[in-house]
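Presented sequentially are two complexes of chain A, the first with chain B as partner and the second with chain C.
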Partner chain A sequence: MDEAPGLGVRKADGRTSVIDIKGDITAASEPALMAAYEEAARQRARRLVLNFSDLEYMNSGGIGMLVTMLVRANRQHQELAAYGLSHHYREIFELTRLDEAITIYDDERSALAG
Partner chain B sequence: MNHPAYPASQAPRPPRRLASFELASVPGSERVALARVAQSVAGLNLPSGRLENLKTAVAEATMNAIEHGNGNRSDLTVDIEVFFSGTEITVAISDHGGRGDAGWIDGGEVPDLARKLRGEQGPRGWGLFLIRNMVDRLEVTASGERRTVWLAMRTQAPQAAGPGQEE
Partner chain C sequence: MSENQGSQGLPRDAASWATKVDRLTVEGGRSGGINVAGRRLTGPVQGFGKMWRKTYWFETGPQLSPETAIATWKKNFGEFWPKASRFKGPLTGLGPGDVALLDVRVGGGVRLSTGVFVLYADERSFTLMTPQGHMFAGWITFSAEARGAATRVQAQALIRANDPLYELAMGLGGHRKEDQFWIHTMTSLASCLGVAPVAVHRRTICVDRRRQWGNAGQVWQNSVIRTMLHSAATAIPRARQPRPGPR
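Showing the complex of A and B:
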């Protein structure tokens, strides 16, 4: 499995890659997040599943990074999904309406089945 | 540090100061701010959801103070004070950048994800939106070089009015 620096990228099946997010997602995360996105694109993923189980902190800059990733994914006709969000960050996804663009699941199994 | 004047609108009764500290205007100070504010209110039995909201608002307001208020000048501090009135926590976050107009709080575009995805807005610009939605009240005061953002949060969420109850 190839890994982007700081974030793991796993190929789950022929069309899905999982990006394992660890630690903080802020504006400073852009290089790592975009490298992970590129790695998933190299794996020819049509679905990108973001695993937030090990997320420690995300701020407004990190939300901006997710929007940037979403814009790129939309252009490439890729689907984004997520799981492992805490209650607080689920609320922030709802508040920002990110949950309407990134499908949220409770766990990896349901995310991969989705 | 000099303390900002506590606005009358924020004071249901004279508040008790729980913490007062300064941070350098450097990346990462917002993480220190949220941890120290959380520590200072630890004994107040704030429900966990409201504590997480307060931490997010404090971090965002501290980042605003560092970046927009102090212009990322590491020689300028961000001053943070935490007050408790008995039912409400107030956090005052002050910068010293001399951008003393309080009008910024009403300015700027409300972030709209659909417009961002269409490229009509930039991907960033969520900070003030998050602050507004995380706390019960937000106020800005300015005096000289100092601008202070006041974040107020009741220790309990207001109850929805039921039959026979007044809001």
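Showing the complex of A and C:
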């Protein structure tokens, strides 16, 4: 349950990078999440799109890590978006009101079209 | 089977999260709740002041399991608070979706009546989220985990002051009071768990130094002001009631 998530970072276009999240997101995921953020920043992304399609588990510590990433992105004037959230995780985003700061899309195509 | 789902069709964490609510409700028959019912939840994204991550923890030997520590904390949450503050939660302990009322002395004879919402709870952690008007916008997670030969018991808040008045108060001794509050709480918990005396450690990180001026208007929801107004409004009719004359 506390395993670090497998995160892939790929450049989607000139200004957008996609972070593919796989497995669990908890407080223990901070190093992996921040490493992925740094990689996206190296790609000079102005938009970061989080792909949650393969998310298997997230606790409240994981939500806190997403807030930390959001703050870092805002500081660099980067936009944060997400797709691939199941109904369950979309409701958690709404409950915690993270959806007011991270735009949620249904799929990758609409997320990249932004 | 859709994305994010396990073999049972639900994610492993499904039972640990509260069901989505738009506004808080307070069960009938429970007194108080003047600044809770009808309020929206506020996360660290919605607050006004600087964002802080505050961590308080103690470590003890492996004789204390994380599950025991968290079960005890959930069941008796308010009993570990300083005596001047009151916490009214479910008698059976805190579970996802529960709303608890609190009445906290904030200094200078001023009280804060507000509440918290149980956002998440499992066997090793639980998280409380604050409503509009609370001193903080954000959440605080209470957790326990095995670390080598030790068990670490921790409270970690990710918070912003909810409005400019609270932000000012935090700069005028609020942070110190907050630290004292949680160090007292964790010391009491350790004592209850039979692991006292313990050293309670503290780490404070400013996650975001920016203030969110767009949220300054949240001062209208300020629960300290509303608690004072409520106290005044209930005191005036009592004062106007005719006193029994001499017989």
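Couple of notes before you dig in:
Throughout what follows, the second predicted complex is superposed on the first by the 109 of 114 C-alpha atoms of A that agree within 3 Å, B and C clash if a C-alpha of one lies under 4 Å from a C-alpha of the other, contacts with A are read in each partner's own complex, and residues count from 1 in each chain.
As a working rule, contacts are C-beta pairs under 8 Å (C-beta built on N, C-alpha and C of every residue); 3 or more make two chains touch, one makes a residue touch a chain.
Remember, predicted model here, so these are calculated numbers, not experimental data.
Per the definitions stated earlier, placing chain B and chain C onto a shared chain A by superposition produces a clash between them. Looking at the shared chain after the overlay, A:95 reaches both chain B and chain C. Touched residues of chain A were counted for both chain B and chain C, and C has more of them. Contacts of A:53 after superposition: chain C is touched, whereas chain B is not reached. In the superposed pair of complexes, A:85 makes contact with chain C only, with no contact to chain B. In the superposition on the C-alpha atoms of chain A, the part of chain A touched by chain B in one complex and by chain C in the other spans residues 27, 57, 59-61, 64, 67-68, 70-71, 74, 86-88, 91-92, 95-98, 100-101. Chain C makes touch with chain A in their complex at residues 2-6, 10-14, 16-21, 40-46, 51, 53, 119-120, 122, 125, 127, 129, 139, 141, 143, 145, 156, 158, 207-208. Chain contact summary for the complex, chain B toward chain A: residues 27, 30-31, 49, 52-53, 56, 59-60, 63, 111, 113-114, 116-117, 119, 122-127, 129-130, 133. The part of chain A that touches chain C in the complex is made up of residues 1-2, 27, 52-61, 64, 67-68, 70-71, 74-75, 84-89, 91-92, 94-98, 100-101. On chain A, the positions that touch chain B within their shared complex are 27-28, 57, 59-61, 63-65, 67-68, 70-71, 74, 86-88, 91-92, 95-98, 100-101.
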